[in-house]
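Common to both upcoming complexes is chain A, partnered first by chain B, then by chain C.
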Partner chain A sequence: MEILRSIYEVAGFIVLIALGVGALEAYFYYHFRYYDRPWFFPVALAAFPIGALVAASAIAGSYEFSLWFYFLLAEALIAAAFRYVVKGRHTVPYLLLAPAFVGLALLLVYPFAFEVYLSFHDLKLNTIMMWKNTGRIPFAGLSQYVKVFTTSPLSEVTFWALLGRTLLWTFSNVFFHVLGGFALALLLNNAIRFKGAYRTLLVIPWAMPQVVAVLAMRGEFHSQNGFVNIAITKLLAAFPFLASLGVAPVQWLSDYPLLTCTIVNIWLGIPFMMVVILGGLQSISSSYYDAADIDGASYLQKLRFITVPLIKPVLMPAVTLGTVWTFNNINVIYLVTGQAGGTEQADILVSALYKAAFTYNRYSYSAAFAIVVFALLFFISVTYLHGFDAAKEER
Partner chain B sequence: MLRKITRWFSATAEDASAVLRDPIQRAKFFKYLAIHVIIISTAALFVYPLLRIFSVSLRPGDKLFSTDLSLIPDGATFVAYASLLRDTMFLRWLWNSLLITLATSFIGVSLASTAAYAFSRFQFPGKKAGLILLLSSQMIPAGMLILPLFLMIMKLKLMNTYLGMIIAYSVSSLPFSIWILKGYYDTIPRSLEEAALVDGTSQVGAFWRIILPLSTPALSIAFLFNFTTAWNEYLVARVVLFSSQQYTWTLGLFELQGQYITQWGMFAAGSMLVTIPVLCVFLYSSKWLISGLTLGSVKG
Partner chain C sequence: MASVQFNGIVKKFKDNLVLNGVDVDIKDHEFVVIVGPSGCGKTTLLRMLAGLEEITGGEILIDGLRVNELHPSKRQIAMVFQDYALYPHMTVEQNMSFALRLRKTDKAEIDARVGEAASILQLQPFLQRMPKQLSGGQRQRVAIGRAIVRKPKVFLFDEPLSNLDAKLREEMRVEIAKLYQRLNATIIYVTHDQVEAMTLAGRIVIMNKGIVQQVGSPIEVYRKPANLFVAGFIGSPTMNLLSGKLSLQGEDLFFSNGDIRISIPPYLLHDAKKHDGREVTVGVRPDDVLVGRTGEKCSDKVEGVLEVCELLGHRENLYIKAGNTRLLATVEAFFDRSPGAAVSLCFNYKNMHVFDKATEKRISE
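Coming up: the complex of A and B.
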């Protein structure tokens, strides 16, 4: 019974979306097709604002006549634009694009704008009921932005410490991803047996659902039952001299959380780089290496002057993607440390932002924090891509 | 003997008469041996956590916390699987995930398929701006939009419902799907549609009858991408869903491992049940998935 009801609910929603898309298309079709008829304006102004009012009341569950006036104004502007500017040109592409872009506007651009709005106001646990009932939040000006740099998003760690940790986290992860991926790809690129089988085994960390992979790895770092400490204990039993070098089982999750997260994430990220680099290596023609062999080049020289330059066009986009992914990786950090007594020693910018919003309920603060992080990431990406383009032109 | 082994290890072992005596062949033998040893040990390290979940899931209840490292434990049973299916709502969680994921993938791919066609075949004002918007949307930190989406869902009174989750997920993979599909449409020759247009179909008819059927591979990649993204999602589900009736499997598993330490065996059993189908689908489709990834970046 429950199952039937859930199917009914979801199917009904999809039908609703289909109807919405149909209405949207009909609306734009009217504006594209009949923009030059004498009755274009009167019909548009009579029909659409009422329709929008009905739809809005149905969604909100309450009825507010003053909305009609705004809809009328908007419709007048839209109709005028279609009549005097668009004039029915490019009908097909715009009709094709309309549903996707309305979806993106509602669920990507609007939330973004809402985040900016939030960051200048004060929404927290005390004011959220007021916002729910009346839709109003106290204005706060720039004070949230000041707080981002002066107070801690959680309870002790500061913005600057988080920034440093994030840069360290991103750099070390991407470095080891590329290093490990490159090494494995070079090994796999030999003419060896079981290549397919090895490749399959090596992509398993990437192929597993991330939640399972991270939680499983977290279990391996458990101080008593985890593989890491068991292995260390067994090593110590076999080679007692290691103890004098300072090798001993440690409390990974509580004493070295950032190191644990980094190891887990390196394990997770190597397969992607390996696959991308292997694809690049296989596309390098062997004639380059044959020519180098005739010239008597050593292995390292071939690596330095043939492989690395030729792999760059493949590697650069992958590194860019990997950097953005690692910078934004909440999953690993949250799943490893989220529950374990709430340690803050492993948090990076994005995970602190998530915890500030949903563990500490500081919504506006977290919004301001998010805008700052976004600006930072945007700045880094633009500088990086700029440098990348410049390097491209040099060649 | 040695020659046989060399040939066995190396797919292109040359016809060497005396591997042992010939120093070049000997070096080659050791080189391949070293490669295999390194790869096998790395692969063991990579696969080990999965094997260990498997081994834990087979342990009888009283040995869950042993420090035993063997793959198949003494007295292996399927008790954990049975109690997972009987005592928890695991099947319900899987069902919730499946419904949400199918609905979002369906919506996402349908919207992307038409938008990508417009970008691939037409010239219109705002085309470049639209493509730039798609690209730059990838730069928005994933965690950033969770908060406003959460507040929107709260305002629409859709907390703890399927619809709230579907709304939150539906456009998250849209830019990437549009990008993949546009790249694929670009490779389909225009003459196919032109022929159909001469025969009297409309532009939309040509898209529906010719382009869509031809793009089945790319559509399945986009569908798969949407599907895995939503299927493995955790952070949005964490804040939108709060009753265990409505949980997706990611939340359910986290709860099994997080709150009651006694459920370690059930956590392992659940992980196995989720991972095996995902692993099969991924390995089966990885070739196309990866070519889709590079298609998107190269066409940039």
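Coming up: the complex of A and C.
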């Protein structure tokens, strides 16, 4: 019976989505088909705002007449756009795009707009009941943004320390991702035996769910039972002189949490770079290397003058992506350094942001924080892409 | 400049025998074209000379020096690749000077050499351009320029014109011929296009299935093809090849394949008795099939039916069927007969070729 009920629920959900899409398509179809009829505006303004109001009330479970006015306004704008701008052109493409477009608006645009709204207000543990009861949050102006730069999102580290740490974290990770990926790709690009097997093994950390990979790796850094410390202990037993060089088991997770995170994340990120760079290497025509051989280039010179410049076009987007992912990488830090609370030594911007929002319940502050982080990343990406375009221009 | 010798060159890719004992001597200042169908091993041979492929057996000498183990850059050769292989991220000038810069040649020297090559090839306006911004013909010239700059002993061209369109190919062919006159270098040129081979070569090396079929001047390989393969490969349109049997009647030798019966004059095959009953293939170039000319002294007329006419302008290709034998004749335009008309033709005996059917070797004079 349980199963039947699940099936019934899923089917109901699918029917609901289908009805929603149907209603959406009908709505757009009306605007595409009848935009030039004299009754287009009256019918649209009479029918759709009421329909939207009924739907909104049904979903919200409560009724608020002022909404009707907003719907009327929106419908007037949309109808005018269809009458004077779209004029029934491209009906089929837009009808096909409409569900995806509306879906994106609901899932991306609305949360983003709400986040901007939150960042200018003051929603926190003290005011959340007020929001629930009255639907209003105290307006805070720019004060949340000021707080982002002046107060700590956690208990001690400042925004600036976090920013510096994040930049260091991002740079060192991406650097080693590219270095390791490049080295492995060069090895795999040779005609070696069992190439496919090596490639598969090397890609596994990337193909595995990150949670599993990180938690497994975290275990290896355990001070007593982790592989790393066991290996160090065995090495010391075999070569006692190492101890005089300062080699000793390390409390990885408590003494060097950021270093541990970095090692884990480098291990996780190399496969992606390797795959991308390998693809780039394989697309380089072998005749360049033939020509370089005849021109008398050594292995390193071929690497420097041919391989590196020619994989740049694939490397640059990968580095951009890698930078954004690493900058935003909350999984590794959060999973390695203890999920709730834990140490602050390894926190970067986004993990601090997460803790500020969901451990310390400072919602509006976190919203402002998130927008600052977004602005930073946006700036970095645009700079990268700009440099990438310039590089493309010159070839 | 230098001579090149291939002595018993063998190349295997695993169990696949690509070259089977190639012996060719190339003299100083010679323009040698290696021609053959795709897969005949000609490019492999060139790449082995360049040092880009391992040599399985035999030895290669440049100027009498064995180069089998020498690094490509030490062999003093320069190669022009089929796809040009211009480094896409370097300007024309950087492309041309790359080898010299690697060798840490003096800056003034580099500029002088690049300038000289650029002026030979009229590349001065393009020196600061990227390869992407050049047309196919210009890229081809840059690739040649890159070779010239290095002042090599031997120039290697690997199907350099095959990526160009037909008109440009003709222009570049003339350019290369002029370049050869100017540089007076040893050039080894690989192509599958027999027209390029005929027009450019001082000597042609015809290869098939990893074996050298014939080496000779263009006119030699055209007039006296050593075997059936060369006969069919060189010359456009392709030679008519008729298989049949020789038979002796009295003192005279006759060829017959059921549809066509012609006499084989003694100046083609001496010692007629020896050839009685021999299975042979007779080759006649389309130009030597004489159709419907009055007053032609022709003892063995062949009767046929005109199937198709192709007007080429000044010449016309006639596809004629005599019994079950198809023949191609090339005649002066305009051959004023419609398809389906009966035509009589005869062969120009002086330019006929007779090959043994089993060995495929030429047996006529």
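General observations
Convention: the second predicted complex is superposed on the first by the 381 of 395 C-alpha atoms of A that agree within 3 Å, B and C clash if a C-alpha of one lies under 4 Å from a C-alpha of the other, contacts with A are read in each partner's own complex, and residues count from 1 in each chain.
By our rule, contacts are C-beta pairs under 8 Å (C-beta built on N, C-alpha and C of every residue); 3 or more make two chains touch, one makes a residue touch a chain.
Predicted, not measured: the structure shown is a model, and the values here were computed from it.
Overlay on chain A: chain B and chain C fit together in the combined arrangement. Of the two partner chains, neither chain B nor chain C is touched by A:Thr151.
Partner contacting the larger number of chain A residues, of chain B and chain C: B. Residue contacts after overlaying the shared chain place A:Asp290 against chain C, while chain B stays out of touching range. Looking at the shared chain after the overlay, A:Ala207 reaches chain B, while chain C stays out of its contact range.
In the superposition on chain A, A:Gly279 makes contact with chain B only, while chain C stays out of contact range.
Contacts of A:Thr359 after superposition: neither chain B nor chain C is touched.
Taking the C-alpha centre of chain A as the apex, the lines running to the C-alpha centres of chain B and chain C meet at 60 degrees, rounded to a multiple of 10. Touch criterion not met for A:Thr383: it reaches neither chain B nor chain C. Superposing the two structures on chain A brings chain B to within 7 Å of chain C, judged by their nearest Cα atoms. Within chain A, no residue touches chain B in one complex and chain C in the other.
In the complex of the two chains, the chain A residues touching chain C come out as 285, 287-288, 290-297, 301, 305-306, 309-310, 312, 394-395. Interface of chain B with chain A (complex): residues 8-12, 32, 35-36, 38-40, 42-43, 45-50, 52-53, 56, 65, 67, 69, 92, 95-96, 99-100, 103, 106-107, 111-112, 114-115, 117-119, 121-122, 124-125, 127, 130, 133, 137-152, 154-157, 161-163, 166-168, 170-171, 174-175, 178, 203-204, 207, 231-232, 234-235, 238-239, 250, 253-254, 257-258, 264, 267, 271, 274-275, 278-279, 282-283, 286, 290, 293-294, 297-298, 300. Against chain B, in their complex, chain A makes its touches with residues 2-3, 6-7, 9-10, 13-14, 17, 59, 61, 90, 92-94, 96-97, 99-101, 103-104, 107-108, 110-112, 114-115, 118, 123, 132, 184, 187-188, 190-193, 195, 198, 200-205, 207-213, 215-220, 224-225, 227, 230, 233, 267, 270-271, 275-276, 279, 314, 317-318, 321, 324, 327-328, 330-331, 334-335, 339, 350-351, 353-354, 357-358, 363, 366-367, 370, 373-374, 377-378, 381. The part of chain C that touches chain A in the complex is made up of residues 47, 50-52, 71-74, 77-79, 81-83, 85, 87-89, 98-99, 102-103, 130, 132, 146, 150.
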